[in-house]
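I've put the structures underneath this note.
Heads up, the next two complexes both have chain A, just with different partners, chain B and then chain C.
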Partner chain A sequence: MLKTLTQFLSSLRLTVVLLACAIAVVFFGTLGQTSDGLYVAQQRYFRSWFSYWTPHDATFPWIPLPGGYLVGTLLLANLTVAHVTRFKWSWNKSGIFMTHIGIILLLVGQLLTDMLARESVMSFREGESRNYSESSMDFELAFLQDSGSNQLDQVIAFPANLIKSGTELQHPLLPFSIRVREAFENATVRVRGPMVDSNRPPASTQGAGRSMIIESSAAKRGMDDRNVPGSVLEMIDGGRSMGTWLGSGILRAQQIETASGTWRMELRPVREYKPFALTLIKTTHEVYPGTEKPKNFQSRVRIQNLDSREDREVDIYMNNPLRYSGYTFFQFQMGREQLEQGGRGTSALQVVQNPSWIAPYLGCIIVGLGLLVQFGIHLGKFISRRKA
Partner chain B sequence: MRVVFSRVAAVLAMSSLLMSGCRKDDVRVYQAPKDLETPPSSSPSPASVPIEREVAKSDSKPKGPPWTVPSGWVEQATSGMRVASYLVKATDGRAADISVVALEGVAGGELSNVNRWREQIGLGAVTEEQLAGLRTTVPAGGRQVVFYEMAGEKPVLDGKYKARTLASILPAGAMTVFFKMTGEEALVALEKTRFLAWIRSVETGDGPSETEVETPVAAANASAAPSTQAPLASTDSSVLPHWSVPSGWKDGGSRPMRLASFEISNAEGIGDISISSLSGDGGGLLANVNRWRGQAGLATIDEATLKLESGTIRTADGATGFLVDLKGTEKRILAVIIPHRGSSWFIKLTGPTELITKERAKFDAFVQSIRF
Partner chain C sequence: MKRWFPPLLTVVFVLWILSALMPKKESSYSINGFGRLPVVFNGRVQPVDSLARNSLTQIREKDTANLEPWKSWYQAPKILSATEWLLTVMTRPEVADGWKVFRLDHPELKALLKLPEADPTRNEDGKHFAWAQFGESGFKLIEDEHRRIRETKKDASQRTTFDSAILEAHEALTLYLRLKNTVHPQDTAEFGREIGDYTRAVPAGVTAFRNRMIGSGVVETNALTALFDFAERYFVTVRMDTPLLIPPASGGEVGEWSRMGEALLDSSVGAPLLRHLMHRDPKEALAPERVSALIGSAGTRPLNPAVPLWAKMADAFRLEQSVEFNQAVATYTGYLQSLRLDRALSKASSEQAFNRFAPFSKAAAIYIVAFLFGCGFWFNFAEWSRRTSLQLVLLAFVVHTVGLIFRMWLEGRPPVTNLYSSAIFIGWGAVGLGLILEGFWKNAIGLAVATVIGFATQVVAHNLALSGDTMVMMEAVLDTNFWLATHVVIVTLGYASTFVAGFLAILYVILGVGTRVLTSTMGRSMARMVYGILCFATLFSFVGTVLGGIWADQSWGRFWGWDPKENGALIIVLWNALILHARWGGMVKERGIMNLAIVGNVVTCWSWFGTNLLGIGLHSYGFMSGAFTALMVFVATQAILIGLGSLPQSMWRSFRGLKS
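So, the complex of A and B:
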């Protein structure tokens, strides 16, 4: 049994089949992006153990596919087992050894990147400071209460995927439970207009939703599209309804008064707090004369770190990210708010944290060196034979 | 071989562990630093209010728009203040955007909105006197409403097209609706007939009465204006004066254009108290009073009559406010305008006549408790 498993896992046929599967996953995953969009296609075809592809018109049966995780894991196992069981060390095979180590490092590094790397966005207007970045895809329903300290809030955050119609959310620290009356992956929330909405009731009985309406919108899958979730939430205190509130990614925090104090509720992008703050000092948006083509996007930011007592200004612009405290801040977007809101420059920085960022570089270098060594050895032997 | 197997098993176990290690459905509990620049939040809501209205049911099919959509206009997504949106495109890429924006109150006033639209297409600002010369009226919703047409002189669209804007303002109950088309100059000129037919087809019907909110007539430099990106909850308690809230007045929650709201609910009905502030004279005492008189079902008055019918009231820190008491047949309005440091503060109580009579003493006491 053990021998059979080992033979299977170390088989070259398995390698060929897995490489063919990898090609199929990449091919159908690329096709899938047209209907699912980049993010969903990544999740469905590459960050999964199994998947299937369905054509647009769906007139013929779907094609079952292995997921990226399955192919990657089996390739890793195949290479590792083959290496351990078949490879016999000698200087003549040192290049192959290095190449195998490099490929294993690439596979493991990719797995670690997939598991550990985080991308988020820090957006602010000139003069504003941020000590957190926000997910560009995931939302959370956050309840905040003053912790008693002037500096801190107690936060209880439910991930948006728990907010489903008919469910009830509870937490021991919350004095009320949340009954989800309606939930939409992508919702339109707007002012309840005269004439247009005379037959629609307000979205909620409490908070900002009293003068707004909510309606479902088709979920967006495009690369540059973003769904803004919306929900109608009923707060229940000791079995008694406190009313309904409108949760929406476009609304600011709303207050909920309870006997034990005031809570603030916000449906917002998932936040990741930093031990330092960035302040946007100035934005520079230059275009080539006579065109709208961007020449330079530049954000001047001030870094303030109370722990290290650091207080300095840096420029972040295209191809010149800020690397600080394990994060890399790339210049992402730039704009200007409307005149009636102040007309200030706005900037969005992409914040990347990837502890295993070095792995692919090291893997590629080792593979390259391994191939050089192996070809060098063969070349040496060839030259020796010719001389002889 | 056993060693080999254990190594393989370790690799697979590590992979599985890594892949299952990060769960996305965990509730996070943590202490976080307060926002460095906290956005204004909505006002507190009453602690215990029964659900008075059912929330929107998914099976309640909304009726179509209360107007006839011209052919060739393609419906677009709506959000925020924009309650309807259309797009017209020419084959060569020129386009015009049509929007319907609803705001409570008078939403910044005509002059500031027209000047903002002018600025968007590269035109200079006009004065109140010049505005009168630009204004025409067109039929909409069975009445005459103001209409503006403005053509830009500079290529502001993609750096090569001049822009033209058509806009009409329709007061609808406690709200104001802005119908606007803006886009490439020639295309908008071509679409003008359809635009006018469109607003003529508007059926006003009944507006949402429960959100009846009052905003004073705005001065030219008032900040609020229809915008698709306008803040949705914008009460900033840091600018509020101090006051004592009378017993029985409940917080009325956050409302656009208001700095604070209170509600009174008793056997006589429901009363609404609004507190708002605008820079300058907020449109002037007479204009505001006459607008309120219209709401109470009373005829307009002139400056001389206003002097006879208005009184004064003093706040706790000595600021003097002008007080009017407008008694309609069913509705009564008590309103105070307090000029203070270049701004005008509006405190207004609206409700059934009996309720206002009962609450008059509390209203006076509230105004007299204000400290700026």
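So, the complex of A and C:
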């Protein structure tokens, strides 16, 4: 039984079938992006064990597919078992060994990246400083209490996925509890029109929502699209309702008065604080003459780290990121209109933390060398045979 | 004879190539000298010659202007060079408007514009039409349709062939309008005199304008109107995004060149201020202090000296004074030299030489001839036939290589920068590999594959060039020679080698099924070739794909983002690996490998073109309906070939004798 299993797992036939499966997954995963958008397609085809592909109009039957995880795991198993049981080392096969080790490194590296890498965005205007970056996908419901100085706010944050209709949120430091009346994954919030909306009540009884309307919108799926969550929240202090507030990703902080002081409430992108701060000094945006085609985006930033007493300026531009203390900062977006009006430019930096970033570099070198060695051996043999 | 034939034919082709390098004999006008002048368009310095050829290619799919398209070639229709056509468009638009240079094929589009059917007796060929035949009203119709399509069919895949025809026609007509207004507004009678009138109207006009703007002093309405009649005319041409003709009076950088209209307005109120005043587009809004600075400095700058020099050239050509025209071209060239614009001048003149050289289409022509001689070898096994083919391929390869290097030097870039140059480079790589194979086996197989791919990629490149300039500048994120030289070059070599393996397989199937040429030795050696090439295809496509990932990691921190183009390249790697493993596992034999290698063609085409057509991702160039059809036809042919390759051996002509 074990023998048949190892034979199966180490067979070249399995390799060929798995490679064919991998091709199918990648192909349909690419097609799927046209209807699902990049993010959803990735989750569905590549970060899954099983999936299926449905054409746009869906009159065809579905095509069942293995997921990326399944194919990757089996390929890894196939490769490892084959090496343990079947392969015998010889110099003639050194290239194949190297290639396979490199492939294992790439597969494992990609899996680690998948689990460990974190992406966020740091955006600011010229002159502003940031010691945190913001998630581009996830929001949090934050309650802040001013404690006088700007730096040491009391912050209590609930991740957005806890905000579901009907739930009640509590925190020992928060003098009130929050009952979620309504919650939308993607919501449109707008000013309540005096005539058109006369038969619709305002979104909330307190705060900015008193003059606004909230509506659910279809969730967005594209790579650059972003959902803006919205919710109606009722604050309850000792069983007594304090009224409802509108929570929305597009609203600024709103005040909540309690007996013990004033709190500010904000539904904002999840923040990740850093042990250092970046200040945007200058933005540069160049286009080719007579066209709108971008030639260069560049941000000059100042790094200030109190711990290491570091204080220096660097330029971040396309293909020239800043790698600093485990983070990499890439030039991402730039506000151009303001620049032309002589106002302050804005810049957004993509912030990536990926401890396994080195794996593909090593993997590429090892596989490249391995293939070169192996095919070089083939070629050498071939030439000497022809000469003979 | 058989000994002398191969070198003799090669020498004939060498002479043909050299003859193209010599400038053609000119009419009394110095068209070549004019074509060599530098202008800035598409963000780069280029000779007028390139602007003319690229524009004409976009308008009529050829880089010459046939003024009598209804005539057959033996009737010697009058053909103008692109530069002479452009010169006429720019300076005598009413003449150029009567020339049938707009290639319009779609029947519905022709019906919309009420264009006549083919009728040689009335000088109509049914394909080429003159601006005068549809005029402003026809352009208006196309503009309306264009707006409808842009508003209702944002997703390119919803568009019909009629819609695509409208979009193309709109682009061609808009380009033509821009060209007509490049040197001066299209209704100018005599530009030199107009500039004189304008210059005289400036001082009083600017004073009136300034008084009006700050609300003090006397506003002389007549002076103001006189100035603004001119200013509006010039401003219209600026808004059209015409090519940049005028270098800064101090020499200076490419980024400081301006349009004719801007240069004219610069001596009075200035284009930025006019933009601000006339079009209250938030994008063009200016800060108040900047507005007052512009008002303050209005009328203080002298007219750029290049403006009257261009006027001299334009007026001389318009009035058909060849001596004055040639003089004016020489004067302007001298003026540019005095500005120390040596780099722009030498770049423009080199690019003009490159255009005339046309190395890639020449190489393509030689590849066809070489292919015929290569085929000849299989049927009579005459070594002279193979040698002729080999020498011609070597010659064409040299021309191809020189062309590539010339282009790289002109652009200051590695060989592959866009889809067009990838086609040229795939052809080059495939021919190189084919020559290596030929060196080993000497059985004309390598030559056949080299010539077929060399020619086919040239056809693809020619079609890609129809959309205009092939040397456009790189977007910020692509502006890195290191990654273009490594990732892009290696992955393109991966495409080239996969194609070589696939075309070897096609040859195997065609020769095997259709002829008796394929002996068992030949079959075995072809299987060897395919295997060897696939090994290197795997190496190139793997390293190229992973380097792409590393580039992505360097530029936005994501090694693998499942972008369609990345995925396409990954599929090539996986497919090549699959073939190799299937062979090592003994799952496929000679014919099996051949069939799998033909599938490799489809896989590579998907990665090269198909992924761009999806309209998503970082490498998307929008939906090209022509490319989609071509891709589908190619896939269908490959499917047929695989069907042939899967026929039982008894039905293969080459193997039939073996069985019995």
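Quick note on the criterion: the second predicted complex is superposed on the first by the 327 of 388 C-alpha atoms of A that agree within 3 Å, B and C clash if a C-alpha of one lies under 4 Å from a C-alpha of the other, contacts with A are read in each partner's own complex, and residues count from 1 in each chain.
Following the convention adopted for this analysis, a contact is a pair of C-beta atoms (placed from the backbone, for glycine too) under 8 Å apart; a residue touches a chain by one contact, two chains touch by 3 or more.
Please read all numbers here as calculations on a predicted model, not as lab measurements.
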Next on the checklist: Residues of chain A touched by chain B versus by chain C: which partner has the larger set?
Outcome noted: B
Item to check | First, second, both or neither for A:349, with chain B first and chain C second | outcome: neither
Next on the checklist: Quick check on the superposed pair: does A:291 touch chain B, chain C, both, or neither? Answer first, second, both or neither.
Outcome noted: both
Checklist entry - Counting only touches as set out at the top, which of chain B and chain C does A:190 meet: first, second, both, neither? => result first
Next on the checklist: For A:316, using the defined touch cut-off, is the partner it touches chain B, chain C, both, or neither? Pick first, second, both or neither.
Outcome noted: neither
Checklist entry - Once the shared chain is lined up, is A:82 touching chain B (first), chain C (second), both, or neither of them? => result neither
Checklist entry - Does chain B (first) or chain C (second) touch A:382, or do both, or does neither? => result second
Next on the checklist: Which partner chains sit in contact with A:42 here, chain B, chain C, both or neither? Use first/second/both/neither.
Outcome noted: second
Next on the checklist: Which partner chains sit in contact with A:368 here, chain B, chain C, both or neither? Use first/second/both/neither.
Outcome noted: second
Checklist outcome for this item: Contacts of chain A common to chain B and chain C in the A-superposed view 290-291, 337, 340-341
Checklist entry - Which bits of chain B are touching chain A when the two form their complex? => result 1-2, 4-5, 7-8, 11-12, 15, 18-19, 21-22, 24-34, 36-37, 39-56, 58, 60, 62-63, 65-66, 77-84, 100, 102-104, 116, 119, 141, 158-159, 172-173, 175, 177, 202-208, 210-211, 213, 223-225, 227, 229-233, 253-256
Checklist outcome for this item: Per the touch rule above, chain C residues touching chain A in the complex are 40-44, 241, 243-244, 254-257, 259, 282-287, 289-290, 440, 473, 475-477, 479-480, 483, 528, 532, 535-536, 538-539, 542-543, 546-547, 549-551, 553-562, 564, 567-568, 570-571, 574-575, 577-578, 581-582, 584-585, 587, 603, 606, 611, 614-617
Checklist entry - Which chain A residues qualify as touching chain B in the complex? => result 2-3, 5-6, 9, 69, 73, 76-77, 80-81, 84-85, 111-112, 115, 128-132, 138, 140, 144, 147, 150-159, 161-162, 171, 173, 181-182, 188-208, 210-217, 232, 234, 237, 240-244, 250-259, 262, 264, 271, 273, 277, 290-292, 337-341
Next on the checklist: If we count contacts the way the header does, which residues on chain A are in touch with chain C in the complex?
Outcome noted: 11-13, 15-16, 19-20, 22-23, 26-27, 29-31, 33-34, 38, 41-42, 46, 106, 110, 113, 119, 286-291, 293-297, 317-319, 321, 328, 330, 332, 337, 340-343, 350, 352, 354, 357, 360-361, 363-364, 367-368, 371-372, 374-375, 378-379, 382, 386
